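Next, two complexes with chain A in common: one pairs it with chain B, the other with chain C.
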Partner chain A sequence: MNEQALLGLADDELVLGWRDSEWTGIAPLLEEDVAFSSIAQNEIGHARAVYELLAGPAGDADALAFDRKPEEYRCAPLVELHLLEWAHTIARRWLYEVADEIRITALKENADPAVAGLAAKIDREEAYHRMHAEMWHDRLRDEPRFRKAVEELWPYALGLLPTELRGELVARVGLAEVDAIERGTHTDELAPMWEEMTMVRRSAPAGSQW
Partner chain B sequence: MSEQSIWEVFRKEKRGAAFEHAGSLAAPDADFAEAWAREQYGRRGESVALWLVPRGAIHDVEDWADEFDLKYRRVDGYSIKARLKEARERAGTAGPG
Partner chain C sequence: MVGEGQVWEALAEIPDPEIPVVSLVDLGVIRSVDVSNGHVRIEFTPTFLGCPALEVMKRAMEEKVPGAEVQVIQDDSWSTDKITPAGREKLRAAGFAPPAPREASAPKLVQLQANVFRCPYCGSTDTRLENIFGPTPCRSLRYCESCRQPFEQFKTI
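So, the complex of A and B:
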């Protein structure tokens, strides 16, 4: 079991869930607002499940999720971007789901049955996220704004996957492979988000129970 | 998304139950209607099945002729209170018992 890869997955889901939650109440369509917020919550639920697996029965998943410094997070720069523009947001959601499917499919074959089982469980819920992302992609694929957004985010999307899985992403998205914006580096947008995300936890008196 | 239309959502709460009208949503096509209905009417496990019906497919019936007083056809058609009082007076009893 590759702990760093699992931590990367959990951090991706947490940070993307956080970013997508920023649309709650302001999405361009009421129905989409509800659906998008629900999917964002699901992603945070996946993050929690992976943190719990990594922390173990005696460990503290919350500490793993929130007590690291921003530079210690393993998320890909794609999910950190603060994108309050719908074409980019939905382009990221689609690119993320395509890459995530490739990653989860690989994890389902993991030698550790706990990892493979959790991957299968996540995959069953991701099926609806993919349906949601694909329907938006089908609708917007010929819109110049959406295509431009996909092209701008493409180097970031490649950075979601380890190099051996990128070929499939290239084939599925249909863009040429370029230099990826790699995991392990962070955008300037992570630290301010981290400040907000961990503010309550950091300001709670020692020994607070939730 | 300017060409949205209304979809009526019916949901079945458990297996064997009848579908009941749950609400409606605006969506541009069946795929969007499905994705949005799943999130709005199914994400908490409150439905085992959904029907999505374009509002235009519904045949509306809401006009009822009531020209002749047909209330004798209904169980609530008669007010028996007054008649019962009369009958009791004829029989010389004040009430039941």
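So, the complex of A and C:
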């Protein structure tokens, strides 16, 4: 597993955690307010653990998370999208969790025991995110608005995975493979989010203690 | 010179920051204690990676056992099966349903929806899942149809 791929995983979880947390306080159901907040907290926790692994014991995981410029992030465009509509939000959650399960399952077999061990830990927590995504997918799968949202986000979802893992995603989602919107490019929606996400850190005097 | 037994005793006095009825030892999050040449090394496994109590626990251990090196182990060696029988009883007494035992495969929604979870207040198993997620990452919300009391169920991980 190369570092760029791990950084991509951490950036996906950080940015999606941030996006999911945008529903805190305004989700259409109280239960979903709690669910999205909790899922976001987990995703950001996963990001932190991967940044810490990449930074090493003497490194600075916060610097890795927040001191890069938006164009230096390795997240997939799917997680950057600022979605204000429930069908798209759930479509993204479901597509992300299906793809993430494929990626994490592969990571559990990694030759580096630190990477494989962390992937196994993340996998246990993700089981609950998958339940939530599946529950909503079962409920909305025949709704035209949801189908349309899944189809719109499908090229983005393919971009989450390296090409060798895409076949499994295609089989599980049941849509034909199309040109993916690849990692390494960014949407216009990342930069404004980055401004907000890093505002406190950028405004704090050097050497501030938290 | 401090011995391993004394370190374990000290750690057993540190309450969980969010559920103070149980200690870190009750939770089973201390993986090992090693004392050699006067140096104390504690291996600690977080419950959930995003749990904000993680930092608080680490600091509490460093304060309780001065000079100790606390190593956070981020793998899957902790599961809710590591919560001690005493810890499970304390959770139940405080109104938290302890986690179901972990099975070979990951937990499934149909299992959480099944009526096998016992209400910590009245003991009835006529309970239903309200929300997979709760006030902290480690808990779900359930409702007891028998005593009409909502309660928090520890997730199995």
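Note that the second predicted complex is superposed on the first by the 209 of 210 C-alpha atoms of A that agree within 3 Å, B and C clash if a C-alpha of one lies under 4 Å from a C-alpha of the other, contacts with A are read in each partner's own complex, and residues count from 1 in each chain.
In the analysis below, a residue touches a chain if its C-beta (ideal position, glycine included) is under 8 Å from a C-beta of that chain, and two chains touch if they have at least 3 such contacts.
What you see is a predicted model; the values in this text were computed from it and never measured.
Trainee: Clash or fit: what happens to chain B and chain C when chain A is overlaid?
Mentor: In the arrangement built by aligning on chain A, the partners chain C and chain B clash.
Trainee: Can A:Y128 be said to touch chain B (first), chain C (second), both, or neither?
Mentor: It touches chain B and chain C both.
Trainee: On the A-aligned overlay, A:S38 touches which partner chain: chain B = first, chain C = second, or both, or neither?
Mentor: both
Trainee: Is A:M197 contacted by the first partner chain B, the second partner chain C, both or neither?
Mentor: It touches nothing on chain B or chain C.
Trainee: Between chain B (first) and chain C (second), which does A:P28 come into contact with in this model arrangement: first, second, both, or neither?
Mentor: first
Trainee: Just checking: does A:L118 make contact with chain B only, chain C only, both, or neither of them? Give me first, second, both or neither.
Mentor: Second partner only, chain C.
Trainee: Between chain B and chain C, which makes contact with more of the residues in chain A?
Mentor: It is C that touches the greater number of chain A residues.
Trainee: Using the superposition on chain A described above, determine whether A:V173 touches chain B (first), chain C (second), both, or neither.
Mentor: Neither partner.
Trainee: Just chain B (first), just chain C (second), both, or neither: which does A:A49 touch?
Mentor: Second partner only, chain C.
Trainee: So which bits of chain A does chain B touch that chain C touches too?
Mentor: After superposing on chain A, chain A residues 31, 34-35, 38-39, 128, 131-132, 135 contact both chain B and chain C.
Trainee: Please output the residues of chain C touching chain A within their complex, sorted ascending.
Mentor: 48-51, 74-77, 79, 106-109, 112, 130-137, 141, 155, 157
Trainee: Where on chain B does chain A make contact in their complex?
Mentor: 1, 4, 25-28, 31-32, 34-36, 38-40, 43
Trainee: Flag every residue of chain A that touches chain C in the complex, lowest number first.
Mentor: Within the complex, chain A contacts chain C at residues 31, 34-35, 37-39, 41-46, 48-49, 52-53, 113-114, 117-118, 120-125, 127-128, 131-132, 134-135.
Trainee: Give the list of chain A residues in touch with chain B in this complex.
Mentor: 28-32, 34-35, 38-39, 128, 131-132, 135, 138-139
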